[in-house]
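Two complexes are shown next, each including subunit A; its partner changes from subunit B in the first to subunit C in the second.
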Partner chain A sequence: MKIEIRDLRFTYPTGLEALQGVSLVVEPGEQVAIVGQNGAGKTTLVRHFNGLLQAAAGSVLIGEWDPKKYSVAKLASRVGYVFQNPDEQLFSKDVGTEVKFGPRNLGYAKEKIDELVQRALSLTELSDKTETNPYDLSPTWRKMVALASVIAMDTPIVIFDEPTTGQDALNVARIAHVIAELRREGKTVITITHDIDFCAENFERVIAMSKGRILLDGPAREILGQEHILAQTYVDPPQLTRLGKKLGLKETVRNQVEFLEIYKNHRNK
Partner chain B sequence: MAFINLQNVTYKYPLTKTPVLQNINLQVNEGEFIAVVGPNGAGKSTLCYTLAGFVPHFFKGEISGSVEVAGRESSKSTLDEWVRNVGLAFQNPFNQISGAKYTVFEEIAFGLENNGVPREEIKPRVEEALSLTDISDLADRSPYSLSGGQQQRVALTSILVMRPKLLVLDEPTSQMDPIGTREVFGVVRKMAEGGMTVVMVEHKMEWIAQFADRVIALQDGKILLEGKPNELLTSDLLSENGFGISRYTSTAREAKKQGLWKSEKLPVTLDEAAEGFKP
Partner chain C sequence: MHERLSYYVKRDSALHRLNPLTKIILALSIVLVSIVSPWYWTAHILLLLVIVPLSFAGRVSREYFTSAIRLILPAAGFIFLMQAFFQPIGNTVIFKYLFLDVTQESLSFAFRISTRIAVMISAFTLFLLTTHPSELMSDLTRRGLPPQFAYVIISTLQILPQMQAKAQTIIAAQRSRGLDTESTFFKRAGSVVPLVGPLVFGSLVEVEERAIAIEARGFTSKSIKTSLHEIPDSLSDKIIRWVLILLVLLSIALKIWLS
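So, the complex of A and B:
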């Protein structure tokens, strides 16, 4: 499902101009990472996709829908949103009920609900925890419950707001696996992240925001090498990209495989 | 004598079966900057709570062994006495913000007010703290109107303003942008140079290696390893046990297998990696 944003502006009641004219198009099935300094407007932008915020000026289209004309409940069938802090979205007495809540609200048939819930639980490795109260789980697993409860809704667009915050290496790998699986299913995934290495390893397109505007937007390889522009929005290139630069490699490197490959050629010259 | 002295500390939360901390022994000198690393569920936050007195005073549960900070024993002190020496910034800044104040400035003044600091002293101290963490421009905003990373800076600042002898930070940069993260490490380093003792839970190995004096690796409630950052953070034991490691370390380890990395020592930082990979 296509997302089209034209000259979007939003000002908070405090007078803070959080979005100062943002335009972008996300094609169906694209995987996009949004990076940028704290307060750049990343969360404000994505909250327009599912109607949590409404455009003050400019337009938003989710498929052919204008979010202003649909309720948040209705928009939830198109856009799933995993909050930065899982505690802001979990409320059920056990994991099973929590994960079932979304698809049930969307009015799917019982068999489909069961299938979606099972799939979401197994993808997030929660199948053995369905009877546990989410608040008896560690913050790590609560994050996975939040992910599962949104994935189970089977929306064409899924938004993750800083999914790797406070997660250890093992869980970051689990989250990367979930995102890869959604890509395989043809879902559009939009992820806000400060973890630039995670961004480099899992996303093909990167948008860098700064002060309510889009600073850079393009293929990860082009964007992640632009050290000086990224610095304007408090982002460092990924570790291996920086290393490649420092060693004078010609191409921008994003991950270990690329680094070793390009480094080998460089050395043999 | 060590500034922090933990002897055989074992702790179990109420209602849980297994202890979260098991037989922890740790000595830290005044002005030392200690980083604590470990997988989720290793006991890192519980260690922070123990140093900050929340364990056992607030959480109750069963504790054995002794916890000493600045020559005082935790079990023999009240929480009120304890917080005059120790400040803790929570993992989730949202849990820390008082909810009783309208502006960031007032939020940061809250702790000083509670400790009875005279009014004329509060204002300059808050201003100084705001500029230290570079959030003077947020002073008049509501703490709840801020982004995650900005809230995290406010949470940190509201502890720094108290000038604790021991600063305990539980993943203080988890929601911060990369350059903001580096700045926070710099501020914390400066505090340690000034004599503040720091214990900081973090996952970001590259910055730990550059800023911390010593690293403690926790796993399953026990200290698995402890040592100098560049030695400990490249240990095979860490990657084998699911600890996060820097991309420089993992890439050099793979390069070594392919004969592309010659040095015995693996890198943690950009400079170390660039040095080793230089043809």
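So, the complex of A and C:
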């Protein structure tokens, strides 16, 4: 489902101008990472996608829907949103019921709900924990429950707000796997992140925001190479990208595989 | 985004710089003098010639007048009406309404009482406007108030805005999962558990974390603690406090002597 944002502006009641004219098109099935310092407007921007915030000026289109004309509950059938802190949404006595909550709200048929829940649970490796109380799980697993509870809603667009914050390497790998699966299914994934390595390894397109505006928007390879502009929003390129620059590699590298390949060519010359 | 729970207005003024204890004593002595004083006009004089100028000295006159209109005037007005109608004193009837007599005496009594109420609320409004709650508490703790008591007061002021913010996030998270919080009554009634559950769990966890955090900083330690935040208590503070106490004693003496 296509997302089209035109000259979006938003000001909080406190007078803080969080968005100062943001324009953006996300094609169906794209994987986008949004980076930028705290207060850059990342969360404010994505909260317009599912109607939690409403544009003060400019327009938002989710498919052909204008979020202003639909309730958040209705928009939830198009845009799934995983909040940063799982503890702010988990309430059920077991994981299975928790994951079922979203799809049930959307009014799917019983068979479809069961199927979606099974799929979400196996994708997040929670299948053996369906009977467990979410609060008996470790915080990393609670994060997976939150992921599963939104994935089970089967929305064409999924938003993750800081999915890897406070997660161990194993769980970051699990989250990366979930995102790869969603890509395979043709879903749009938009992720807010401060974890630039995670961003480099899993996303094709990167948007850098600063002070309510889009600073850079393009293929990850191009964006991550622009050290000086990224520095404006306090983002450091990934370690390997910086190492590659230091070694004088011609191309911008994003991950180990690229680094080894390009470095080999570089040495052979 | 947080709603303000304390009245405190951060500004720099002579009143703000006074020690919190001095300001409590100031407020208390204004109230006491207005009650104890034998003269009818003391409360009015205090209101016009002490409290109003103090609000200017504290640079909070605008806030003071807003709260005067919103809070003090309605409260004093209500007291005035109640007293004027229901006080069964005096014979000089000014007018009758059903079985209620409004006499000259009851009117003057009502006027006196309602001015006193206005003085009381005003004195403490000024105090709250110019004193930060945590400054007050750390000063009182240093003077021997049990820290547990101070903690209860301060944490209540801090936790409520935090809980409000948390509740907002929970509502946003559950609406994003398709929870209907807007339509029919039955649908909304069903949405209570998903909203209250995380709020209660989260708050319980937070209480525990707070307890551990303050204990890690030696909250119940019996040894004498120093404070990073020094609250000034100057010689003039001490002089003001003694003068105020003397004034209160003087008005009590006057009351006894004149009656």
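FYI, the second predicted complex is superposed on the first by the 269 of 269 C-alpha atoms of A that agree within 3 Å, B and C clash if a C-alpha of one lies under 4 Å from a C-alpha of the other, contacts with A are read in each partner's own complex, and residues count from 1 in each chain.
What we mean here is this: contacts are C-beta pairs under 8 Å (C-beta built on N, C-alpha and C of every residue); 3 or more make two chains touch, one makes a residue touch a chain.
Keep in mind it's a predicted model, so treat the numbers as computed, not measured.
Peer 1: Based on the shared subunit A superposition, would you classify subunit B and subunit C as clashing or fitting together?
Peer 2: clash
Peer 1: Looking at A:Val22 after the superposition, I want to know if it touches subunit B, subunit C, both of them or none. Which is it: first, second, both, neither?
Peer 2: A:Val22 sits against neither subunit B nor subunit C.
Peer 1: Does subunit A have more residues touched by subunit B or by subunit C?
Peer 2: B
Peer 1: Thinking of the overlay built on chain A, is A:Met209 touched by subunit B (first), by subunit C (second), by both, or by neither?
Peer 2: In the superposition, A:Met209 touches no partner, neither subunit B nor subunit C.
Peer 1: A:Gly39 contacts which: subunit B (first), subunit C (second), both, neither?
Peer 2: Touch partner of A:Gly39: subunit B, not subunit C.
Peer 1: For A:Asp87, select first, second, both or neither according to whether it touches subunit B, subunit C, the two together, or no partner.
Peer 2: both
Peer 1: Between subunit B (first) and subunit C (second), which, if any, makes contact with A:Leu247: first, second, both or neither?
Peer 2: first
Peer 1: Classify the contacts of A:Asp168 with the two partner chains as first (subunit B alone), second (subunit C alone), both, or neither.
Peer 2: first
Peer 1: Once chain A of both complexes is superposed, is A:Thr140 in touch with subunit B (first), subunit C (second), both, or neither?
Peer 2: first
Peer 1: Counting only touches as set out at the top, which of subunit B and subunit C does A:Tyr12 meet: first, second, both, neither?
Peer 2: In the superposition, A:Tyr12 contacts both subunit B and subunit C.
Peer 1: Contact-wise, after the overlay, does A:Val235 reach subunit B, subunit C, both or neither (first, second, both, neither)?
Peer 2: first
Peer 1: For the superposed three-chain model, which listed region of subunit B (112-120, 148-156, 184-192 or 238-246) is the one that clashes with subunit C?
Peer 2: Stretch 112-120 of subunit B has C-alpha atoms clashing with subunit C.
Peer 1: Once the complexes are superposed, what residues of subunit A are shared between the subunit B interface and the subunit C interface?
Peer 2: The answer is residues 12, 14, 85, 87 of subunit A.
Peer 1: Touching residues of subunit B toward subunit A in the complex: what are they?
Peer 2: Residues of subunit B touching subunit A: 38-41, 91-92, 94, 141-142, 145-150, 153, 171, 174-182, 203, 206, 242-248, 250-251, 254-255, 258, 260, 270, 273-274, 277-279.
Peer 1: Can you name the residues of subunit A that touch subunit C in the complex?
Peer 2: 12-14, 47, 50, 52, 71-73, 76-77, 79-81, 83, 85, 87-92, 101-102, 105-106, 135, 149-150, 153
Peer 1: Would you pull the subunit C residues touching subunit A in the complex into a rising list?
Peer 2: Against subunit A, the touching part of subunit C is residues 1, 166, 169-170, 172-183, 193-194, 197-198, 201-202, 205.
Peer 1: Sort out for me which residues of subunit A touch subunit B in the complex.
Peer 2: By the definition above, subunit A touches subunit B via 12, 14, 16, 35-39, 43, 84-85, 87, 138-140, 162, 165-172, 194, 196-197, 231, 233-236, 238-240, 242-243, 246-247, 256, 259-260, 263-264, 266-267.
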